[in-house]
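Some structures are shown below for you to check.
In the two complexes that follow, chain A is the common piece, with chain B as its partner first and chain C second.
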Partner chain A sequence: MDLLLSIDNLNVHFYRSEGVLKAVDGISYNLYKGEVLGIVGESGSGKSVSVLSIVRLLPANGKIVDGSISFDGKDILKLSMNELQDIRGKDIGFVFQDPMSSLNPVITVGQQVMEPLLWHNLCSREEAYKRAKNMLGMVGIPFPEERMKEYPFQFSGGMRQRVMIAIALICNPKLLIADEPTTSLDVTTQAQIIRLLKNMRSELDMSVILITHNLALTSNFCDRLIIMYASNMMETGGTKDVLNTPSHPYTRFLLDAVPDIEVEKELVPIPGTIPDLINPPEGCKFHPRCPMSMDICRAEKPPLFPVGDGHYSACWLCGRE
Partner chain B sequence: MEDKILISVKNLKKYFSRGKDIVHAVEDVSFNIRRGETLGLVGESGSGKSTVARLIIRLIDTDGGNIIFDGVDITTLSEKALKPFRRRMQIVFQDPASSLNPQMTVGTIIKEQFLIHKLGTKQEQEKWVEELLEKVGIDPSFKDAYPHEFSGGQQQRICIARAIALRSEFIICDEPLSSLDVSIQAQIIKLLEDLQKELGLTYLFISHDLAVVKHLSDSIAVMYLGKLVEFSNKKDLFSNPLHPYTITLLSSVPTIKGEEKEVELKGEPPSPINPPEGCPFNPRCPKKEDICERETPILEEICEGHFVACHIVQR
Partner chain C sequence: MGNKKRIGRSYWSNIWEKFKRNKLAVFGLIFVCILILLGISAPWLAPYPYDEVHYEAVWTPPCREFLAGTDQLGRDIFSRLLYSLRNAIIVGLGAQSLIVVIGLTLGLIAGFYGGKTDNILMRIVDIVYSFPSYLLNIILVLVLGRGYFSIFVAIAATGWAGMARLVRGQTLSTKSRDFVEAARASGAGNNRIMFRYILPNIIGPVIYSIFSGIPGVMLVESGLSLIGLGVRPPMPSWGLMISEGTGQFLYNPYMLLAPAGMLVLTILSFNFVAFGLRDALSARE
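Coming up: the complex of A and B.
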C-alpha cells in the first residue's frame, strides 16, 4: 500500500491567558491510500486539532510547535499559504459536525457545490454545473437540478450533511476528513450518512479519516483506529483488534462505559474527570483515573508498546515483560 | 395492577400554530407508567417526545386528552390546585448549563425548591442542601460555588439534586446525557439507577440513544411524527420489534460487533405540518399497502402488553 499521509511527533500548543495548553502532545501515525482511519476520543482529547493541523487550519492562538506532516510527498509545514490553498478543498475535503454552520445561508446550494471546482480553476462554469448536479445525485439528493436553486435552510439536517459531503468530494480529493459528521443527526439518518461515506470511499478510491466519540460507529467502517485521551494517543491498531482485544485500560473503560444495544451488561463508569490540559498530570495522562496505575505511570509517559500485529498501546502494563 | 399506575396519559393532543400552518406535534398519545418503573420514550427529533414530557408536567397546556397523576386528573387543574402535584414531579433537561441560573450559587438553586414550597427552617434547608449534594456525588463544601465553576457532568448532577430535592416521585429526564462525554454519561446513568433504587423513583426517560434507553427502561414507547407507533416491555420490543419503523430504528444503531444490517430507512421524516394521510410512516414504509394511505392505524394490543399501530402487523 502507498503512503498518503505521515505525521511524526506532532505537537500543537494553544496559547491561552491561563497558560499554554498542549492540545496535541507528540502524535505520530501513517495513513495509506484507500484506508479508513478512525480517531476516537472525548471532547478535548485533541482528535480534531490533530487533524486540522494537516491543513494548518488552527485558530489564531494555536501553533504547531514541533513535528512533521507529509501529505502526498509534500512537507505541509514548509508550504506557502498559496500552495496550502491548492491542497485545501481539492486534495483534502472536509465534512464538519454541524452542516448548518458550515454552509453559507445566503448562497444557493448549487453555487456552493460548484465553488471548489471554480475556485481551483478545475473546469468551466458549465462543466462545474454538470459535475455538481451529478455529485448531488450521487450523494442521494433527489431532483438535484431543482434543489441546486434552493438555499441551505430549505434542506433537512441529513440532506444538508449530504450537501457538505458533495462539496467535500466534488474535486475528487485524495483524503476526506469527516469530523463528527453524524453527531447532530438522528440515528436513522446517521446510518444513511455512514453508508453513503462508505459507498463514496470505494467509488472514488480515497482515504478517509473519521473523527468520532462513538466507538460503535467505527466498527463497520474504519480499517484502523486511534484512541486519544488528553492530547495523547492511547492505543492504535486494526479496528477489530482494538474493539475485540482492547489493551489500554482507557479503551477498555470506554467500551465498558457505553451501553450496547446487543449486549446486556453492567455499566462501569470511568471514575473522575478529564484532566486540565494546561497543568496535565505527569507521566501517563490517564493515571489519575486508572485503577491499575503503578509508580512508573505517575513518573514517566509510556511509549507505544506493540501488543499485536500493528496494534500498539501506550500503557506501562503492556511493556512490563 | 391498576393502583400501581402512577401516570396515565390518554389521547394526548398538542398542536402549535406556526404562521398559517398547524404543527401536529402530539396526536392521540396514550400510555401508562407504573410506579417505580422507567418508561423510555424514543423517536427522532421532531417526533414529539419532548412535547409529551412538557404536557405531562403541565409546562404547556394540552389541546385534548387527559393526564392522570396518581388517580387524579390534572389536565385542567388551576395553578393553585396544581401546586401540590408540582412538588411530586420534576424534570431534568438536556443542557445543564442553560437550566441552572448562572447568577445563583448551586446551594441557592437547590434551596429555592424549599423556599417555593415553604418547607423547613433555615437550618433544615441548609442541611438538606448538603445532604442532596452529597447524594449526587458533589462535595457539599462547594455549595457556595456558581454553576460555571462545575464541569458539564457535575452540572447535570446538580440538576438531578434539584429534581429530587422535594422527594418527588416522578422525574422526567429529557435527553439528560446528550451534552455529556461518553465517560461521564455512564456516571450519570449509574447515579439515576442508584437514586431510583434508593428513593423508588418513577422515570420517563427521553432519549434518541436506544442503547441507553435499553439499559435503563422497563418499558419503551416509540414515537413517530407525533404518534405512538409501538409500546411494549423492553424485552419484547428489542427481541421482537413489530412496527416497521421500530425495526429500521433498531437496525440503524451502530454496535461494537459491527455486523452489517440490511434494513435501511429510505427518505426523510415527513413534516408534522402536513402529516401524511393514514399511517404517518407510510411514505417510507417497506411493507406499505393501500390501506396504509387511507386509514390511520390505531394502537392495538397484539400480544400481552405489546401494542402496535400498524395495519399489516395487526392482520
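Coming up: the complex of A and C.
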C-alpha cells in the first residue's frame, strides 16, 4: 500500500497564561491510501489537535514545536500559507463536530458547497453548480436543486452534517478528516452519518481519519485504531486486535466502560480523573489511575512495545515479556 | 415539511418580516422616506427661494401666503424648513457614510488581525473617543472653513471611533465562530474570510448603528449652526433657525416651534427605524 500521510514525533504546545500545555506529546503514525484510521480518546486527550496540525489549523496560542508531517510527499511544516490553502479543502477535507454552527448563516447552502471548487479554481461556475447538486444528492439530501437555494437555518442537524460532508468531499480529497462528526447528533442520525461516510469512502476511494470518543462507532468502520490518553498514544493496531485483545490497561478500562445490550455486565468507571496537562505526571501519563502501575511507570515514559502484528502498546507490562 | 413554501425565505426577507411587525418602526420608515423625498424636491416644492426677503411682511404669523410665517427679514419659514431638511439629510448621510467607511475598515482590520495592529488602532480609537468631540468639531470647522465638506470631515473625524469599536467587537466574536474555522479548513484565505464570512455576519449591527447615528449627526450639525459654524448663511439650517427663534419665542413663537418641531420629528422617526431594525436584526435564526 502507498503511504499517504506520515506523522513523526509530533509535539504541539499551547502557550497559556498558567504555563505550557503539551497538547500532543510525541505522536507518530502512518496512514496508507484507502485506509480508515480511528483515533479514540477522551475530551482533551489531544486527538483533535493532532489532526488539526496536519493542515496547521491551530489556534493562535498553539504551536508545532517538534516533529514532521509529510502528506502526499509534501513536508507540511515547510509549506507557505498559499501552498497550505491549496491543500486545505482540495486534498484534505474536514468535517467538524458541530454542524449547527459550522455553516455560514448568511450564504445559501448551494453557494457554500460550490465554494471550495471555485476557490481552488477547479472548474467553472456552471460546472461547480452541477457537481454541488450531484454531491448533495449523493450525501442523501432530497430535492438537492431546491435545497441549494435555502439557508442553513432551514436544515436540521443531520441534514447540516450531510451538507458539511458534501463540502468536505466536493473537491474529491485524498484524505477526509472527520472530527467527532456524530457527537452532536442523535443516535439514529449518528448511524446514518457513519453509514454515509462508509459509502462515500468506498465510492470516492479516499483515506479517512475518524476522531471519536465512541468505541462502538469504530468497530465496523475503521481498519486501524489509535487510542490516545493525555496527549500520548497508548495503543495502536488493527481494529479487531485492539478491541479483542487490548493490551494496554487504559484500553481495557475503556472497553469495560462500553455498555453491551446483549451481555449483562457492570459498567466500570475508570478511577481517578484526567491529569493536569500543564503539570503532567512523570513517566507513564496513566500511572496515577492504573491499578497495575509499577515503580518504572512512575519514573520513565514507556515506548511503544510490539504486542502483535502491527499492534503496539505503550505499557511497561508489555515490555517485560 | 411544506417544501415549496419555505423556498425563497432568505436571511433578509426574514428580517423584513420581523421589522414589519413593529408598527412604530414601519411608521418611522414611511416618514423617513417622505422626509427624504421632501428634501430632494425642496427646490421645486418651496414656494419662495430660501433667501428671498419680504420687507413688507416681516414677522408674519402663519397664513395662506406664508404657510409657516416669516422671520425677522421676511423670509418664508416654510421654504427655509424644506431647505434645512435637505441640508440635514445631506449632512446626515454624508458624514455617516464617511464614518462607516473609516470605522468599518479600521474596525475590521483591528478585529481580524489582532495583536499589535489591534493594539495600535484601538489606542488611537481611545484617544479620539476621549477627546471632547464637540470642541474638536468646532476647531476642525474653524480650521477647514465652513461648508458641507468640512462639516462631514469634522463630524466623521470624531464619530468613526464608535463605529470602529463596534465593528472590532463584532469581528472578534464572529472570527471565533465555528464556520470561520470550517471555511479555513476548506481553503479560504484571509480576504475571503473577511468579506464573505465576517462582513455579511456583522452587517446587522452596523446597519442599526448607521441609522441610529444619523440623528446624532443632524444634532451636531444643528449644534454647530446654533453657534454660527454650520452651513453658511443664508443657506438655512434648523440649528440656526432655532437660535433665531429663541429670542422671538414670547412674541413670535412659531419661529422657534416650526424648526424645533421638524428637528424632533425627523430625529424621532430615524430613531424608530433604528429601534425596529435592532429588534429585527438581533433575533437571529
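Basically, the second predicted complex is superposed on the first by the 321 of 321 C-alpha atoms of A that agree within 3 Å, B and C clash if a C-alpha of one lies under 4 Å from a C-alpha of the other, contacts with A are read in each partner's own complex, and residues count from 1 in each chain.
By definition in this document, contacts are C-beta pairs under 8 Å (C-beta built on N, C-alpha and C of every residue); 3 or more make two chains touch, one makes a residue touch a chain.
This one's a predicted model, so the numbers in the text were calculated from it and none came from an experiment.
Per the definitions stated earlier, placing chain B and chain C onto a shared chain A by superposition produces no clash, and the two fit side by side. Put simply, the three-chain overlay gives an angle of 80° at chain A, taking C-alpha centres for chain B and chain C and rounding to the nearest 10. Contact with chain B, but none with chain C, is seen for A:258 once the two complexes are overlaid on the shared chain.
Within the superposed three-chain model, A:103 lies in touch with chain C and out of touch with chain B [touch as defined at top].
Of the two partner chains placed by superposition, only chain C is touched by A:119; chain B is not. When the two structures are aligned on the shared chain, A:273 is found in touch with chain B, with no touch to chain C. For the pair chain B and chain C, the minimum alpha-carbon spacing after aligning on chain A is 7 Å. No residue of chain A lies in contact with both chain B in one complex and chain C in the other. Residues 3, 6-11, 114, 177-179, 181-189, 192, 196-197, 200-201, 284-285 of chain C are the ones touching chain A in the complex. Against chain A, in their complex, chain B makes its touches with residues 44-45, 151, 153, 181-187, 189-190, 208-212, 214-215, 238, 248-260, 264-265, 268-269. In the complex of the two chains, the chain A residues touching chain B come out as 42-43, 156-159, 186-192, 194-195, 213-217, 219-220, 239, 243, 253-263, 267-270, 273-274.
Residues 55, 57, 60, 81-82, 85-90, 93-94, 96, 98, 101-108, 115-116, 119-120, 143, 146, 149-151, 153-154, 164, 167-168 of chain A touch chain C in their complex.
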